[in-house]
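See structure below.
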Amino acid sequence: MADAGGISLPSDADTFPKLLLHNAKVRGDRPAIREKDYGIWQTWTWAQVKDEVLAIAAGLAAQGVTRGDRIAIVGDNRPQLYWSMCAAQCLGAIPVPVYQDSVADEMAYVVDHAEARLAIAEDQEQVDKLLSIRARCPRLATIVYDDPRGLRNYRDDSLVSLAELTRRGRALRDERPGFVEGEIAAGRGSDISTILYTSGTTGQPKGVVLSFDNLIISARNAIAFDNLTEKEEVLAYLPMAWVGDHLFSYAESYVAGFCVSCPESSATVLNDLREIGPTFFFAPPRIFENILTTVMIRMDDAGAFKRWMFRYFMDVAKRAGTKILDRQPVPLGERIIYALGELLVYGPLKNTLGFSRIRLGYTAGEAIGPDIFDFYRSLGMNLKQLYGMTETSVNICMQRDGQIKADTVGVPAPEVEIRIAENGEVLVRSPGVFQGYYKNEAATRETRTPDGWVHTGDAGFFDADGQLKIIDRARDVGRLNDGTLFAPKYIENKLKFFSYIKEAVAFGDGRDYVAAFINIDLAAVGSWAERKGLPYASYQELAAKPEVYALIQGCVEQVNRDLAADPKLSGSQIRRFLILHKELDADDGELTRTRKVRRRIIADRYGPLIEALYAGVDRAHIETKVIFEDGRTGLIRADLAIREAALAPAPAPLRKAS
Amino acid sequence: MLSVFAQIYEQPGFFVEVVLGGLMAGVLYALVALGFVLIFKASGVFNFAQGAMVLFAALSLVRLMEVMPFWAAFLASCAIMVALAFAIERLVLRPLVNQEGIVLFMATLGIAFFLDGFGQTIWGSEVYTLELGVPKDPVFILESVFEGGVLVNQLDIFAAVVAGALVVVLALFFQKTKIGLALRAVADDHQAAQSIGVPLNYIWLIVWSVAGIVALVAGMVWGAKLGVQFSLALVALKALPVLILGGFTSVPGAIVGGLIIGVGEKIAEVYFGSQIGGGIENWFAYVLALVFLLFRPQGLFGEKIIERV
Amino acid sequence: MITMYVPTSAPERTIGDVLLKVDDISLSFGGVKALSNVSFDIRQGEIRAIIGPNGAGKSSMLNCINGFYHPQQGTITYKGVVRRQMRPHEAAAQGIARTFQNIALFKGMSTLDNIMTGRLLKMKQNFFLQALHWGPAQKEEIEHREFVERIIDFLEIQSIRKVPVGRLPYGLQKRVELGRALAAEPTLLLLDEPMAGMNVEEKEDMCRFILDVNEEFGTTIALIEHDMGVVMDISDRVVVLDYGRKIADGTPDEVRNDQRVIDAYLGVQH
Amino acid sequence: MIYRETGQFKISYAADQAIFPIRQDLIGMLLILAVAFIGIPLLATDYFYLAILIPFLILSLAAIGLNLLTGYCGQLSLGTGAFMSVGAYAAYNLAIRVPDLNLLVIFLMAGGIAALVGVVFGLPSLRIKGFYLAVATLAAQFFIDWVFLRIKWFTNYTPSGSVSAPALDIFGYVFATPRQHYLFVLVIVVIMALVAKNLVRGRIGRAWMAVRDMDIAAEIIGIPLLRTKLLAFAVSSFYAGIAGALWAFVYLGSWEPYAFGIDRSFQILFMIIIGGLGSILGCFLGAFFISIVPILLNQVPAALGVPISTATASHLEYMIFGALIIFFLIVEPHGFARLWQIGKEKLRLWPFPH
């Protein structure tokens, strides 16, 4: 195997368990994983992790787990769950991480579909869900739990604590030394490493089967691309079932040997982020967006001098920061002022956010607002975009240092081939291409051609610099009745780049004009309203205020002006919009777990509103069913206003001055 | 030890003289202690500046008497003390309202320092003789009872009478007048007092003014006896053991405590002091009060404290 | 040493022998009778509630049990030994811990330090090692920190670990106070209105913690509570006081149907 | 702003409980120590040592002693000067009566004797609280003043009552120059400040603070009140005793009982109030402030060309002190230490306001 970012791997380290043994040997004393627990960052070295993983593996073997068995893993990011994943792989069993916030139905589908015979759950909450779906998952024989809190009264033969399982494992290892090691040696790179269920925007989740080779080669290439080393610090806070976390916090950690830290709880992530100060950080655009919004809100409360200072230096950063980061020429005076700004604003700001040590930051999943992207880069953070999907073990395109643009996703990653199909769809072939959808030959055939090309489903094109630009889901790109190109996601993203707008859904395919639903951002608009002295008691009340409508109308018209600048899209300006009375919610099925809009469900649920948008009326009535946190359902009724937005004139063709 | 009793037995007249002297001093201690009690009762402030107020008042009086008759100087000094109370309420107490006790105590230490410096800067820092027109010659009384009679200073008798009169006036003021009743209401419960419409700032102004006038009287009497000088401020420290003994909140306690301390201290000084080096009146009162406290922590007139949780 | 519960080996909840017996207690202040001839017992491992209208003498009862008040008449037998008069800190040394009706936290200290004070009785390293904060003293400090962190985890107050308790909302302060009592690893835990002033959600949390303490650690609990619903839900036996006298004693069901109890509560219906 | 805490995570309790858990604080402290041990000896003049640095350091030590008792254990004391004088006279008597004893041992024993006396005067703290106790500590002040003034044995029957300390000879090395005196005091103060910090962040400090914050609750959770308070009196008096011995031996050289009068007690109380109750750092800040102000008051008018008489200067000093104390109490009743804490919090959150 080739060198990866200065990290040399023995050629036979082709599975994660083998990488674990390798790491325990060459960097046994270096930290492998941490968790904030009992007030401090409990740390395990690679040697300790090896000891734990092998014990759990033996414990699983004692529980009857054998090669090829599927094991569901469900919970927040916890060292024990990462270990369990590797422990299963030691035996040749296949870990299937499940989204920890899935409701019982979703969990039942995955566990049943994967035919998991054993599940490893974090705590009582997950155990309860698993117990409740057991009738629908006949193969699920054993549930292992990590945190025993609240489980003392559970008298169920299928329950085993992880501590007990580990104890049994250690006993077995005393009895049969070398057994687990033998099982590890029997693993091959071509074996199945894991099955990741993608939530998908429609239908039931599909299980993406990835081999060790898929993940390890992809990880190795990404590490080489960005020169990552064993010294990186990474915070594992995104769902373990998501391919991004699997690649960054698991695969790359094992390949590069760097340390992964698990936060104390989902409520303390920002604080834990600040403590750990990762050097390599991944977050979807939404998180960067939220952080920026918080920054702005907190700065609003500052005194006049600080606000002035912040504005002044942020202007400086906007002018010079990105250029300095990209090593472009900047006048000396500007550099000096920027250095002062680093001392007074950028440095402290990055420090309070926990971004001081970031050498490399990535965002992906959807388009990031150019303002947001530039904000972080101008602070001196090396934030980049990448483009990838579960079916290709993430890596498709990555941005190279010094060649970074807000509206493209970069150049093809190492060993990745890209082709643009005739309908504009991006096709990919790489070593990371998946083995197939689990138990779904038809879907596999639909997505992967016999010669290994994957249909990404995204429409895009290469720009003049050879960087890929994604505009929308290929399937969603439609046409207005007059034939104008309609790329809803592109429009929605432009809307969402305003901090006041949290979600947007654009309609237009087969219609006369474009119309949109808007979700306001409660924090940003709430703070705006407070400054304006507008009282409100709820999201619904705030959303219905005429002042808020006016605010959003301004945003919509700005988007229209942007769209007008592009001859291809100028015809798809937003003519009418409304502000939804409730936030779109994954629990109601309106968004995916990764917070992508589920168009069809929304179209069904809010049909009357869509009709109203195209009916020319200025009010619409709607009743919606919602699911509360405790599982009860209720009805929300609302009367919504519909507004017209001004359209910008299309750019006149350029004329030569005569 | 026995020799002491023998001495008392042999010279009963002298013993009575000592006791009387002690009672006279005690009345004056009581007078200063009264100033403390007034303020502590009404505002919960442990006013360490009472001694400085005594000095300041005496200095004002003695210097003003150089340019005007006694009565005018006395009235003017009263006015000064009221003005002082006003300034303290405005500049110190009001900004510190709702602070912890120790903070207020510290503030009065600051007031004490300020007043000591301020008084001596504007009034001068020499020793001034205060002439009240009361003869200072000692006289013999009770010659028929004791052999050779009992020697008493006329000034002391005057002082006792003045102090006694002031105590009576104050007692009447507290028991009979509307303001006095309001003051007692405040002492019992600040919030309750406020809710019945007694403005707290007004109350504080009054108690500090009254305490100032009490200080003036104490300063006048002490000054006539010792001369008006810096050590007057220290004499006031004598009032503290009186407070421990009598309780911080009890007017009768201050009086009885003052008398006990005065007498005890004189007897100790006269009969024991010489045997152990003299000058024991500086600490004897404190130690007496302390020993007493070990047996009755709430003081003579304090109520037994039932602690609740 | 630090021990943690191991649920797989946790025994079924069992109520054992009498742990504490109050016999014919009378207590008065000045002429006012706070308790008259009260007798009852608390069994090992049970949750025992003391209820009654305001001023019934409930808090006075707890104060007698932990040595804060000394009854004029009657005896208290604890762990089979008739107790002589003792100071509260001696009662604490024998394994009696408590919380207070009006929160009695140390306002100038953080949550962590407050709970650490609950471990003071168990800390033995001498003054000079403390002064150096070194060797055994540091080791001891860390061992107890570990124990306290488990309590913090148990009570789910990680996020306020280093916040001065004065800044915490009421419900959390109550929780910290429970933590401080638990830190002493008490045999008998006295809770004086642990849920007073809480909203429904906080009450539910507190109930869960009380039950967890009782079941996970096997701690015997005596609690005073106003909320009858809560009392009936979580206690094994209930003793009812009214005007300083015991008017009923038994299981929640027995007490609920006792005519004297109904009268007492109706008499002071708020 | 100067704080860059990102990435300073703790993987052990020992690190989490360190005196300076934030790296920038540790660096700052090391810098201060470097200046104190290296920078100042390179630059300072004799006047600077004698008039400012040495008294500042010794009074800081006394202030630490009082702060342990008052700021941490909540027992207000007005008798610090007396406990200092016990240390001073104990050291003097040990030095002249047991001439072969090493001076360091003498200082330690002097502190020990002061601690014993402190315990005796701390006994009333079981029965009385708050201001009653404060007044009771005045008894110690007056009684001890009297003892050294009137009982001639303690002053070795010198006719004037004034006594002189022997040379500072430790293991044969004589500390003679102001710089040597300064370094000698500095070492002792740094070590004792560290010890004080260790005490207050451990079991003992927590017991003290529990007693301070709510004594009833402290007793009910098992803290023996008398023992805890007496320990505070003992430790506090030990510090005061050593400070007194240093004040006498290093700063004054020869002295009278008056040097430790009630004014000294008040001066030190002011230091901890202005500096901050319950803060070791505050002791230094308060001591610095209280010892620098009179010097400025003496220097500034002369420098401005308005010479004033000594008497007026001393009266002015009283006035300004009194006014300053009131001012500080109004502006920040918790002293410099709290101001520093607030400032530090702001710097840590910079550029955000909260």
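Per-chain residue numbering starts at 1, and chain names A, B, C and D are given in the order in which the chains are listed.
Heads up, the rule we're going with is that a contact is a pair of C-beta atoms (placed from the backbone, for glycine too) under 8 Å apart; a residue touches a chain by one contact, two chains touch by 3 or more.
Since the model is a prediction, treat every value here as computed from it, not as a measurement.
Undergrad: Any chance you could name the chains that touch chain B and chain C both?
TA: D
Undergrad: Of all chains present, which has the mean Cα position farthest from that of chain A?
TA: B
Undergrad: Which whole number of Å gives the spacing of the CA centres of chain A and chain C?
TA: A distance of 47 Å separates the two centres.
Undergrad: So, what's the distance in Å between the C-alpha centres of chain D and chain A?
TA: That gives a centre separation of 57 Å.
Undergrad: On a C-alpha centroid basis, what's the spacing between chain C and chain D, in Å?
TA: Going by mean C-alpha positions, chain C sits 41 Å from chain D.
Undergrad: List the centre-to-centre spacing of chain A and chain B in whole Å, with centres computed as mean CA coordinates.
TA: Taking the average C-alpha coordinate of chain A and of chain B, the gap between them is 78 Å.
Undergrad: Would you give the residues of chain A that are in contact with at least 2 other chains, written as numbers and ranges?
TA: Residue numbers touching two or more other chains: 39.
Undergrad: Tell me, which residues of chain D touch at least two other chains?
TA: Residue numbers touching two or more other chains: 13, 216-217, 220.
Undergrad: Counting only residues that touch at least 2 other chains, which ones in chain B make the list?
TA: Residues 307, 309 of chain B each touch two or more of the other chains.
Undergrad: Flag every residue of chain A that touches chain C in the complex, lowest number first.
TA: That would be residues 37-39, 148-153, 161, 163-164, 264-265, 267-268 of chain A.
Undergrad: So in the complex, the part of chain D that touches chain A is made up of which residues?
TA: Per the touch definition, chain D meets chain A at residues 1, 3-13, 15-16, 348-354.
Undergrad: Please name which positions on chain A make contact with chain D in the complex.
TA: Per the touch definition, chain A meets chain D at residues 31, 34, 39-43, 233, 261, 274-277, 298-299, 301-303, 306, 309-310, 343-345, 347-352, 354-357.
Undergrad: Can you check the complex and tell me which residues of chain C touch chain D?
TA: On the chain C side, the touching residues are 66, 68, 87-89, 91-93, 97-98, 100, 104-109, 113, 116-118, 120-121, 123, 125, 127, 130-133, 137-138, 140-142, 145-146, 180-181, 184.
Undergrad: Using the touch rule from the top, collect the residues of chain B that touch chain D in their complex.
TA: 46, 91-92, 95-96, 99-103, 105-107, 109-118, 120-121, 125, 237, 240-241, 243-244, 248, 276-280, 282-283, 286-287, 289-290, 293-294, 297, 299, 307, 309
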